[in-house]
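Next come two complexes, and both contain chain A; in the first it sits with chain B, in the second with chain C.
Moving on, here comes the complex of A and B:
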């Protein structure tokens, strides 16, 4: 299967933040969740893919082609949804469509009208009069109406209510099933990605901590829960991170067989959610930083 | 210029259509009324239309740039190259300058034909030069607007104000109460300069040079800028 997106050893330095050797790839027909806490570098990576900012080193290929040399051709096949509204607020929806549509070779008015009906968007209303959820729906309608092969979404569900988030996820799944698109979806709301993502790439402080299939992740990691008496310094070291309360400990491990061998049935090992992994890794990094 | 560049220009026209429709009506009314009124009462032609046409270009360009800069994330997620965007903006400046020139010229000619104005051919030449210079000055605001996302209207006005102050300092003239307005002083100075054919030639050269410098500067800096 072809890689639709290949990011190789990307470096980008700012005064107070840098991306360090960021690498991952997304295969055609899959959804990749791009997770990480706020300020980890998710938007910077997306901006690099879209050539909105210049990389210091590394290479980015979209549809197997260099993203700068073939910028126009590539962007024609990308549907882009930004977390903040980037459309002209003062214009009515049909006017914005009229402005944007000529820039896509495969713009499909029927498809646009279909999404407008599906999302119940008022075409004759100014964008600024719409709620955040409606604005996001409009962004999605615009991003999908030129039949893109790759959809890049930067935190599309941030600040939206659960009903709309569920609706959006359903729509994305529908797209995947019917039209075999690829989706690169950045979010810090990991529960959304738990539902739809095939691959998860976790970025933390400008570094990729892992980029694997969701199944691999849930098989590799485990949440261990048990009584505090079972813990000693040696055991603690074998965990990625461990929190303790008067009622017991909870830890993230990548070595489930060792834990089973060590503790047997005296601990509970659960499959972690993406949020569990993200939180524990964040705490572990912060702890390491403090030490 | 390729197809995309024209699409961007059309987009800019479309985006600013309300602004220039709203500007062109008062502009023409001012032109006709004031020129006719002052000509009939004093027997002299005024520079008011020049000022209007200059402002007209500035505001239009400022609006188009401002809208784009606020939405550069959107613009650059479309299949547009930065060089195309820059080229379109400069072409837009030239086109607006030409439209402004033609509209003013046609209106002036109609006024003269109907006897409402005594504006002569020399005034039309002045007008052309002023528009050329204002177009170049406007072009100078493009790199600023592209690079620092400034409030374009303000940048355009400051730039023209600085130019006028420069003109006043370099070429002092007798300041009367009527001409305390730096805009008016600028127009007076340009008119004065235009009396000499050599100055006309220099005006064109300087305007062209400013335009070219601005274009090259924007291309050099903006194409590598992080958005």
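Moving on, here comes the complex of A and C:
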């Protein structure tokens, strides 16, 4: 299978933040969710992929080609949904379309009109008159109207109500019926979109903590819940992080067999949500930083 | 028509839930030989889950020789050897009984208690 997106050992330093050896890859025909808390580096990585900022070192390949040397050709095949609006706010929607469309060799007006109708977007309104959710819809319509092979979305569900999030989900599932399409989206809230993601890449403080299939993640981590008196220093070693209340503990573990062996049925082991994993890993890191 | 109901609260992985339900529908004849299954991508779309998950479920069913995938055509319920079918069904019954045994032990029931219930249910079914 071909890698549609290949990020290798990317480094980028700012005064108070840096990306450290960021690597991951996305195979053709699949969806990757790029998750992490605010400020973890998601947007920076996406801007690097889109060559909007320069990397210090490392390599990025899109469709198997260097993303800078082949920038024009690559961008013709990418549908990019920005988190902030990137279009000139004083223009009306149809004017923006008229300016942008000629840049794409495969721009499809029928497709564009279909999305405009579907999202109920007012073409003769100025962009600045639109609500945040409507702006996001417009951005999505613009990104999909040239029939891209790779869709990159930065926080696409931010500002969208649950109804449109569900609509977007349907739309993406429909697109994925074509096995040559791939999707890469970032999100700081674990959302409905995660349901359909094949791979999850978790970035924290500029570092990739894992990049695996979602199935592997939900099978290798477990949330353990039980009474406080079961805890001891030894068993805490098999926890990534543990929180306690007066009534019991909750911990994230990657060693389910050991916990089962140790505690049997005296604890509950649940499959963690991505949010559980994100929160526990964050707390574990913060704790380690304080010690 | 194939039926699949997924539970997010089950501790069974999603792909396993799919395998179990399709497997039992094949073994009990609800899905007959030659029936075409939806494509991996179609099933993922309809269940609103990832493609990797449905792919894994189909791979498992193929490994168990319950379905066959023909390149370019799709996946179909495989023809089942009668002897093998019986064995698989027996294995399924054993699994279900093991579960019942495990639960009965939690209630400190004896083997005789359990046999008594089994006999009662078996006889009752015969009368219907």
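Please note the rule applied: the second predicted complex is superposed on the first by the 287 of 291 C-alpha atoms of A that agree within 3 Å, B and C clash if a C-alpha of one lies under 4 Å from a C-alpha of the other, contacts with A are read in each partner's own complex, and residues count from 1 in each chain.
In this text, a contact is a pair of C-beta atoms (placed from the backbone, for glycine too) under 8 Å apart; a residue touches a chain by one contact, two chains touch by 3 or more.
None of these values were measured; they are calculated from a predicted model.
**Student:** Tell me which partner A:284 touches in the superposition: chain B (first), chain C (second), both or neither.
**Tutor:** neither
**Student:** Tell me which partner A:230 touches in the superposition: chain B (first), chain C (second), both or neither.
**Tutor:** In the superposed model, A:230 contacts neither chain B nor chain C.
**Student:** Report for A:98: first if it touches chain B alone, second if chain C alone, otherwise both or neither.
**Tutor:** It touches chain B, and chain C stays clear.
**Student:** For A:198, select first, second, both or neither according to whether it touches chain B, chain C, the two together, or no partner.
**Tutor:** Second partner only, chain C.
**Student:** Contacts for A:219 in the overlay, against chain B (first) and chain C (second): which applies, first, second, both or neither?
**Tutor:** second
**Student:** If you stack the two complexes on chain A, which partner ends up touching A:71: first (chain B), second (chain C), both, or neither?
**Tutor:** first
**Student:** Okay, in this complex, where on chain C does chain A touch?
**Tutor:** Touching chain A: residues 11, 13-15, 41-42, 44-45, 48-53, 56 of chain C.
**Student:** Write out the stretch or stretches of chain A touching chain C in their complex.
**Tutor:** Contacts found on chain A: 29-31, 169, 173-174, 176-177, 179, 195-199, 213-215, 218-219, 269-271.
**Student:** For chain B, which residues count as touching chain A in their complex?
**Tutor:** So the residues of chain B touching chain A come out as 4, 7, 10-11, 14-15, 67, 71-74, 76-81, 224, 226-227.
**Student:** Please output the residues of chain A touching chain B within their complex, sorted ascending.
**Tutor:** Listed in rising order, the residues of chain A that touch chain B are 47, 50-54, 71-73, 75-76, 78, 80, 82, 86-88, 91, 95, 98-100, 102-105.
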